[in-house]
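My questions will all concern the structure given below.
So that you can tell them apart, the chains are marked A, B, C, D, E and F in the order they are listed, and the count of residues begins at 1 in each.
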């Protein structure tokens, strides 16, 4: 559409977007801890991808923001339990995800699952998936998008569904802003183009691009309780699923989540790459 | 899934489906003129494909049935007016279609347009389109499906979008009945599998398979008034669109629709191939 | 590759193919009942598609021919039993098919299943499926191919997997004869191009093209016993699967299969469209 | 785009198209033998598909029409000679085709080959092939299109490339008339939308739809000489290619072509299904 | 085709390519400022992608090189003006691009637009796009290719069309050199394989791989005037298009372009990653 | 399937995988020089991709491991010899590869070529290729997988087939471990899911991620002799193929291979990025 030369001009005009210069390290003008009244959308590949941001999501929910989680696949493949079927696994993953969101204070109806098969996301028709995500962006009209950041190293051999999810989310964010793309949504469904202005990208071990760390001190327990809901994805439940755990098992799960919490400046944090501006330049 | 040998067995068990033998000419047990309380779904490629059944739809609506029209494309290509854009054309086609349905007594909200580009339906990812139609079948759960019948001759060089629409509708009807197909809809969206039991196939000039003719004597005016709404698809409006017509132009349009009404046994009729039974055997 | 004008010339040279004129009704020179020493390959979409030819296959096996059944899908969708998973269904279908073939005297190792998902065959990459079938044709090098014939009426609204299977089988038969198509099989796998000379096409209710009827008088019981193995596709097992039936249920299944056997000239028969010649002209 | 109901109206307005009623058997108003000054385009799948119309093309060329032959594939697969490579075969097929057209008086530059691989046409991206054909239709702007007619029987098991070519040609003819389809050609290449008004469909053995027979009495020798150029597709050259034939071999080839010429009313003819009207209704 | 181990050997033989060792930072042997008599091809996704190299292109044109700009999409989506249609936008973008090239001294006929839809390039059939680019490479036979370089950071979240364009250009450069790839172009269109020997990759903000900076001191005004032609992509024209600007608006646009010009060693420059050698090793 | 949060938990349970922490530089616990009794699988795009590991493979073979080489394409494009056909080239590449493996002591039957066309791997249906690789992983059940590592720089403009091969291998390694992915292989072919535990990634010039260097001192001659078998990919044979070389030419080839051998700590080595753990985290 437009090369950067014109983007740069735009920054003069589009001061609503913050007038940020390109190339500089960005941070939110208002600290994430102060956000309120925002609509927040998270796009992940699997139930539990949002766990990387559970503390932050719990805080945002508590502070009067609306949080929506959109998951691309049903998670109907990832088990080592020889007795679970795809159907059962998809149902379990949904229940666990809604239970986890419940711990964060997020309503079950704010969980949207697009129903693709687990492990095969890259083989879906990409135009159709992007169109689907664009529809949800135009419906929810989020102020902030949380999504996978491929990261410098990680992207290269990125787990297939995560790699797909990271690109699909970015491509959808870009497409959603153009009235003339996926125009059937505009002319037939009453939706309007929409540009997401702010982004929080997360990653699981390639953290060199992080520029923003959210203090989740007050939301540790919510994060731990939420993480402990993913029984089918953890130790005992992964190899042999059961809907509830014994006390020691539950404690072990919670300890596991707790042990993964990162510390920065003596505070428990979740880290993100924050970006604000035109979606076309997300990757700068 | 199952070859016919097992289907034949099924007819023993599935008496709810009418126990019809294969190969015989079918007619509705209850005359269409007597249908009431049914949910009726029509799948077409373009706004105005339903015009072939406007008299019947008006009757069904009047008799207490719920009628839904699902159109696959926005119709954003088919004009000879050099000044219309895709956007304008899509908007016009939607307005015209809803106005036409209004003449038949069908609510504007009962018009569902899936937003695909006109003239390119066969190039869309077929699995994604079928999945979309399956979703609507499982939502609306129609008692009767109206759709394009390819017909013996016609199919061979069938207009591309119509050819696509006829196969897509049949494939969706078949897929919708299986719990394990497009299962994401079942596990994530609260939908359940659904088997459409009755079908009314229409065609525009290959009529040799018709087995059912609906007497539309009382709905001629509704059909004519509805047909006259498609200004962008007709004589003056096709070459040079204008939102409303002069009196003589309007009369000419209405005369045109009227002149196309078929007579059978001295009654104005619309003709269909009726089918009842398992979707797999639609084509028998 | 070549239009018919050259094909006609070929009939002069390729007298090995029988020198048949185009357009005439064909029958096997040697009655099917006398075939011996042939390799026979059947391509179907689902376990039980071969049931349409079970009497003939039993006869061919008994008469010293080698029979192979290639099924494209695992049949992992077509059930009304709410408790069966895809995995279970695929396993059951395989067991039933091998049990049925066992009744016909065909070894379990002669059953080849290509593993595609039931109900979605048309959405697979067609080039990859054809390449797969070409591989098996070049491996087995059959003298006769049994496959779905679309039939004049039936094709139009043909059940999706069957429609796909009929075209895929024909396209594979054509491609297999060319050394330069799917050449990796030739240069890397030690396979050589192969032209199938004879064909037996079957159909389930559109029989107007049949030209050959095989007398299966002596193989009725084998056919009935084989058909009765498809428990998961029949009456009681279709809605609520159980691995074995009660005596009355089994009798009902067998009666069902028996009642479907067609009579012609006072003999029980299975009907086919026989074709001999270049694969390119299969459809004449 | 538009259903037939509006097409019928159009026949009132678009009298330039002949005002033909739908469903009736059509014949050219001006006998083909009298055509002059027309641009004629033929779309085939392989070099030699045009041979079915060689007499007619020779006549049209002689009578002052411009004839162009567009072939979709290079024919680089269809040989039984174990020593020919794809490259050699493609080169030979091109030389033969241009030599054949030369016999008909058609210039070598009027031969356009789109370069697709032989035997794999159906696996190409259909949108890209149609776009390519639309480009050539908009460039050449033919008064008449010659193309494969699937025919009632033939289509069902139609040789794969021919089946593809028949649909691709029809779909391209339809798409070419809409300004808003493949619009890049209009905005970037200086092409304009174009509607082909007349069609001559050919077939090789399914002739029941023929409605027009062209008397080729005076063009027999040209047709025979042209047909004899396809050495790589015929008897000796098919199994073991050589660039030129001995006298007896050449005579045998010519006799072969001659023996295939059809007689009707004691005249040698080539038969076609003629159609005139909107491309959308080609298949009526 | 060949792993690097053999490439290294090749550098011994293929001294025409410069014998450069792998891994070292490359610079042109002859300074870009001295190039003459070369054919230069630029591949971009949108009209204005070439703006990143306008100074260099103006210089090359002035110095007696032939410059061609190939743009993949029509740019028919990227506007914020609610009144522009796709058609209008495509036309405007073409006019602007040709006007900009005119300022650089490049003839309008040297602008080639492949007509793909803006914003959807990644969803096109990649094989068809690469084939199209290979055709143009083999036609133009450039000594130097200018194209998008993904860059280390940038690629990860690269704007979708740019990401596609960067890979498509590289893949086409590689494919073009092989006689046996896209061979239809060789056997049917009179084209011959071609290996581009030199490359100039550009990027918009990820510049760490740059190794070559072109002094554009003398071409500043041309660059500024060219950049000022992209009215539909800039400030006032982006939100509300008008074909010409007021004096102050024009001045503002020119100031904008001018302000983006980079300085290095006190000279205005454009920066590139230069590469010379086998296309397979472009990314080293 | 599962985000990292759960992966981390798994490391507690799945101590069989080594309990490695994420992010740390990995090395094999047992030195590669000591490996014995392992099944080793290498996935490459072309015959000769394995040459980067020939010394290591020769050592492993000598030490009692089973080595299999799986090559995706036939290499039927990459020649500059104007007289070689695709067929000939594919045959030559196979012979050369098997001769090279023979020099390493690896049996010809351990060479598996999947038959895809050279240079077009990225345009194949990815799901079908991954499924094919998953089948071979489940058959061979390797303890170690050797494959292309994209590398930080290299990936960006990676030679198309290598880029494809690197992702396809990783995606197949991930998919193979899930019972519910490509389940047809499990239910129909008697294969079982399999997780490859160890990986050795190679690259040709982007070596910054290497963490393991194998001392190949004793296998230099085998490596040199093997490399000298790739006549069609080297100096004289690349431009004009001949099946055997003169003494000086052979010496030159061997010298070439020898000159490429890398030294580290005064020993000849081959370098790899070793990884052990869940396939999902290959890229960490």
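Convention: contacts are C-beta pairs under 8 Å (C-beta built on N, C-alpha and C of every residue); 3 or more make two chains touch, one makes a residue touch a chain.
These figures come from a predicted structure and were not determined experimentally.
Under the contact definition stated at the top, the chains bordering both subunit C and subunit E are A, B, D, F.
The minimum number of touch steps linking subunit A to subunit D comes to 2.
Between subunit D and subunit E, the least number of touching-chain steps is 1. By residue number, over half of the touching pairs seen at D-E are also found at C-F, the match among A-C, C-F or B-D.
Among the other chains, the CA centroid farthest from that of subunit C is the one of E. Inter-chain spacing, taken between the CA centroids of subunit B and subunit E, is 49 Å. One inter-chain figure worth recording: subunit E and subunit F are separated by 35 Å, centre to centre, where each centre is the mean of the chain's CA atoms. Shared contact sites, meaning residues of subunit E that touch two or more other chains, fall at 76, 86-87, 127, 152, 155, 180.
Working note: touching chain pairs come out as A-B, A-C, A-E, A-F, B-C, B-D, B-E, C-D, C-F, D-E, D-F, E-F. Within the complex formed with subunit E, the subunit B residues making contact are 85-88.
Per the touch definition, subunit A reaches subunit B in the complex via residues 74, 76, 86-87, 90-91, 94, 113-117, 125, 127-128, 180, 182-189. Residue ranges on subunit B touching subunit D, taken from their complex, read 44, 46, 48-49, 51-52, 75-79, 82, 86, 89, 118-120, 122-123, 152-161, 204-206, 227, 230, 233-235, 238-239, 253, 256-257, 260. Against subunit E, the residues of subunit A that register as touching in their complex are 1-10, 12-13, 22-23, 126-127, 130, 149-152, 155, 166, 170-171, 174-175, 178-181, 280-284.
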